[in-house]
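Same chain, two partners: chain A is paired with chain B first, then with chain C.
Let's look at the complex of A and B:
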């Protein structure tokens, strides 16, 4: 028996927005800190002051100082800018390539679709850190290595999401009508498919930026992301390991920064999904 | 399409993907500028020294022969000799696998037990207090980087409580000590995986609870717990198995980091150390091994999917 699924406006209005509000608030704060850090930080993130090294939070600065006497809070602020810019750039390129391939697969079907999906499978077989190690072996560690490996890692995710959503849209009546009226595959994709899968892609992109920030931190931890003296949350964690007993805040602060940033982006992703597709009901 | 043809098609796709992955690795590591001889000897090396090293490594052969030599070696277990360790790469990988494989299995086991149990508990009574607590914990768990969680575990259980060592691996001669050394890394690696599984299981349980056969089971007079575990959970496991396959890639990436945090002599640490030593032969083979593992696990998940859900066989 077919059941008509309708969303009454009242239920839509009552859909929980906690995720969205919390996500927007945390992510806005993250973006604001990342932008401001390029103009102002409480102290210079690269200025060493051996006399005030390993000072506890509030004894010197909000989050204390590291082994070189650098202000951890200022390093965290500029680290947010580095991490977010890498994650956004990588996800953007991964998204463009992935959505292009996914929508082409859905439009062409047959052999083209099969080949694209197998390419996605092959890329997916390389975890970002393994790609990064391979890329770093060729061009050395750095921002570009991080962006390439995170972007590659995002491609198959967007291929799958956009292909699935595009296939669903293409089977709907208005796409069939457009086909009957003589529109070609390309026009149907640009006029009908892309605008209608934008929501699903945006939701995925938001979550993917969060994931990319975790991966970037991992790359930074291994020294494969931005080189010193540019602060990186991952490298701060790596340096903190040596002083774990003397200065635990060195390890706690960058990890908390990653946790809060990723949590904000994930909540934003969940909130957007609830907004675009209230039936998914991700909110507890 | 018969079930056998479907199995056959998946197997062909598995072999093709493995082949393509090996070609990608070969192209990246062997054909792009900056070949292994130059990288090993450095930019200041004399041209005749580089030429001799190229010949020794077989780099003067045509590309297709180099590829065939490599892949032929993979089939017979001859992966070449590590430039930095001066030992056969196959032995090196086997030795390191004795750490990484148990670590991955322990982490996966912890993640599945914790993730599925909490997911079922949360999904069984959605929007109640337990569900809200579990869902919040899962939301936070997904955002925690596994290597940072590892550092926090060291801070608590090694530096403060002195229950576990902060790192290192004593070897399998003392299995208890070996398992103890892998416990904190496995927990660190399991946390984000468990958090993802909680969310997927919860959502799958909620979906299956609304199915007609569950209503029928209830109408037959079965108790709530029996309906939950025998009918709901069993069917909810289908998407969960798929996610376990997809998450395996993250487990591998996490192992590279967690092994470095805990100074474990595993495959991930080997890949990282080989990068520092510019040992391209090791990187190439470890990358193939990791990619092969991800592809193989996803292939097994595909087969499990066919087996678990009879509807897929006819699809």
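Let's look at the complex of A and C:
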């Protein structure tokens, strides 16, 4: 008598990459909207029309109008562009600086590493908002202030991630083989460490862009990001406060936009991690 | 008690892939008090069978057939029923005692956990029982060690604790999956002795899984040979190992590094004596390496006064157990670590007193091969990039098309194909990866290659091929090897000269034949006696019984 037996409770078969697919879909939609908004929006996002102020969604435009009669959906579109461009630029510079410092720390060890890591700790202890207020005090609020403070906030994250990953790679025999072949610390970093930590760094960067968009919204809320009339998701939220009972869509629309954008980027980050890490998602 | 295993297949169902059969029909029986060895190389399915018997296969792998323990089919049991069998009726010992024990739980509690799970008794009684077990498995000062954590014990002691946990509920069958593979030979001998005693004392049956034919020969009455999931042969161990009927078993046995007759013909030293004073290729003199703590106190002497000289064109073997300092010695010879005192002379030049630029030039003359073929190749580089890496230092190295030709010639010389140059490391097996690492080591035509346990991670048959390749490279290219290994058999097979290392010192040096055939030092004799060999027959208190059906 032969019997087919499942030896342990059958769990899901290896899931197709749902995270990755959803993340790519949401994020590309976000990017597409941001790009299109620079050429076309349903209505001008800065044109006021007091006659049609505080119109509910679909009564005027897709997402209604605000207290000045501006089309909220158009503002959201251009806001996506502002938010995303600030987040991407800031994370890019934060990543370059952070990975450089992290890999240097891992390559040099000793005092250099100690100094880099302690400085990273200090920066890490400052919330992005505090550093934004300090930067704003120096150069005034605006796009540059937002980029600098968000980048500064991202640096220690990348320092830690890249140093940890680099140390692990450096302990492997192929780095020793490179050393035996006469390569110096710098060459080992460029030839062996960077290509092998790229995955981990990219995953972190994706999640970091999501975080950066939240911080950017916070800065916009306080009026420290792009100045009016350029639309910003954060400022839209802050303007909506006064009309919360009369026109809740003014708050709901940018809130949903932030939620969906960050969700998409986090899903993309998770999906990329599954893709790069061969250990997760397979047990054969 | 009887255990009848009749597995018709073990299959893997992967997402969107055709079902793969990992194990084809295999059946065997294990009588009360019997010992059976399951032998095979990696991928033979030997571990899958033991996991299937306990219902521990991963969710996508399914076993079909019957595993009858006293008439009950374990493969048809529910998870709840299996939990009553696991531990209580069938105990298991794992390969890696460090990861099999919970690092944050006291060892006493880990033993008690199993006792209380299967027997009703008070905690105090269970603790008393745990103490008896620890004493039985030979942990000294057991009463105090009951509250120790796994990291406070040595590898051998941890494996003894693993055994205590396995036998605590009094199982009738003990499955041991490579229980001594992670241990040194002398410790291995002690653990095997303990297993043998326990089997005799408790009347347990033992199912031993191992790649090491010597271990199987010393402790198993019967043995079963598997190859790529297929049953090859089964029978009384001496019959199978000494007069194998099947071709595969014969090949497996031939691949064993021999202790008795070595295949190696001693090399003729090629050191030239052209007028100049006689010079060895490598001369190590009074080398010491101390490790100190923060206050400058000497904590450990990893290398303690090592001296030897190696002639060009020879293989110098260094053998010793873990922690004897052989890897530290290798690192110092490579110039990767600095000695506390002593000299390393390479062709008469002291590598620690030359200027850094000179050291770079000298570096071109020596290369290294590592133990783990997984970690020694950069997964993001092509084979051609990996193999050509040592040419980086050489200003005269060929470039462009000439370099590509050199890479492909080198790949061919280690038994790979030139097309392999464009592929990535993950596309190769362990043995092939080690060949790639060897190609990288020889491409710059170094004079000395330091090989630190280069065959320890490989299967027997692959190991034999790699050893043959190393001897062949010595003869063809005149490369010298400083070959480090824990395996006496490997060292004897390959070395011209040997040094036996113990606690940072050489206890015995000389020509390989002399050292292994007429060992002078007691430690060498102890090592040789502990080495499991297939021609030795049953040891460790296992008495052959006639298998009654």
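Points worth noting:
To be clear about the criterion, the second predicted complex is superposed on the first by the 262 of 284 C-alpha atoms of A that agree within 3 Å, B and C clash if a C-alpha of one lies under 4 Å from a C-alpha of the other, contacts with A are read in each partner's own complex, and residues count from 1 in each chain.
Rule of thumb we're sticking to: a contact is a pair of C-beta atoms (placed from the backbone, for glycine too) under 8 Å apart; a residue touches a chain by one contact, two chains touch by 3 or more.
Values in this document were obtained by computation on a predicted structure and should not be read as measured data.
In the superposed pair of complexes, A:50 makes contact with neither chain B nor chain C. Contacts of A:21 after superposition: neither chain B nor chain C is touched. Of the two partner chains placed around the shared chain by superposition, chain C is the only one that A:195 touches, whereas chain B remains out of contact. Look at A:35: by the touch rule set out above, it reaches neither chain B nor chain C.
After overlaying the two complexes on the shared chain, residue contacts for A:181 are found with chain C alone; chain B is out of touch.
Contacts of A:96 after superposition on the shared chain: neither chain B nor chain C is touched.
When the two complexes are overlaid on their common chain A, residue A:59 makes contact with neither chain B nor chain C. In the superposed model, more residues of chain A are touched by B than by the other of chain B and chain C.
Contacts of chain A with chain B, set against its contacts with chain C after fitting on chain A, overlap at residues 284.
Those residues of chain B that touch chain A in the shared complex are 13, 16-17, 20-21, 24-25, 28-29, 32-34, 39, 122, 126-127, 131-132, 135-136, 139-140, 142-145, 147-148, 151-152, 154-155, 159, 166, 203, 249-250, 252-253, 256-257, 260-261, 268, 271-272, 275, 278, 280, 283, 286-287, 290-292, 294-295, 298. Within the complex formed with chain B, the chain A residues making contact are 118-119, 121-122, 124-130, 133-138, 210, 214-215, 217-218, 221-222, 237, 240-241, 244-245, 248, 251-252, 254-255, 258-260, 262-263, 266-267, 270, 282, 284. Contact residues of chain C toward chain A in the complex are 8, 12-15, 52, 55-66, 73, 75-76, 79, 334, 336, 360, 363-364, 366-368, 370-372, 375-381, 386, 389-390, 392-393, 437, 440, 444. Within the complex formed with chain C, the residues of chain A that make contact are 1-11, 13-14, 16, 172-174, 176-183, 187, 191-192, 195-196, 283-284.
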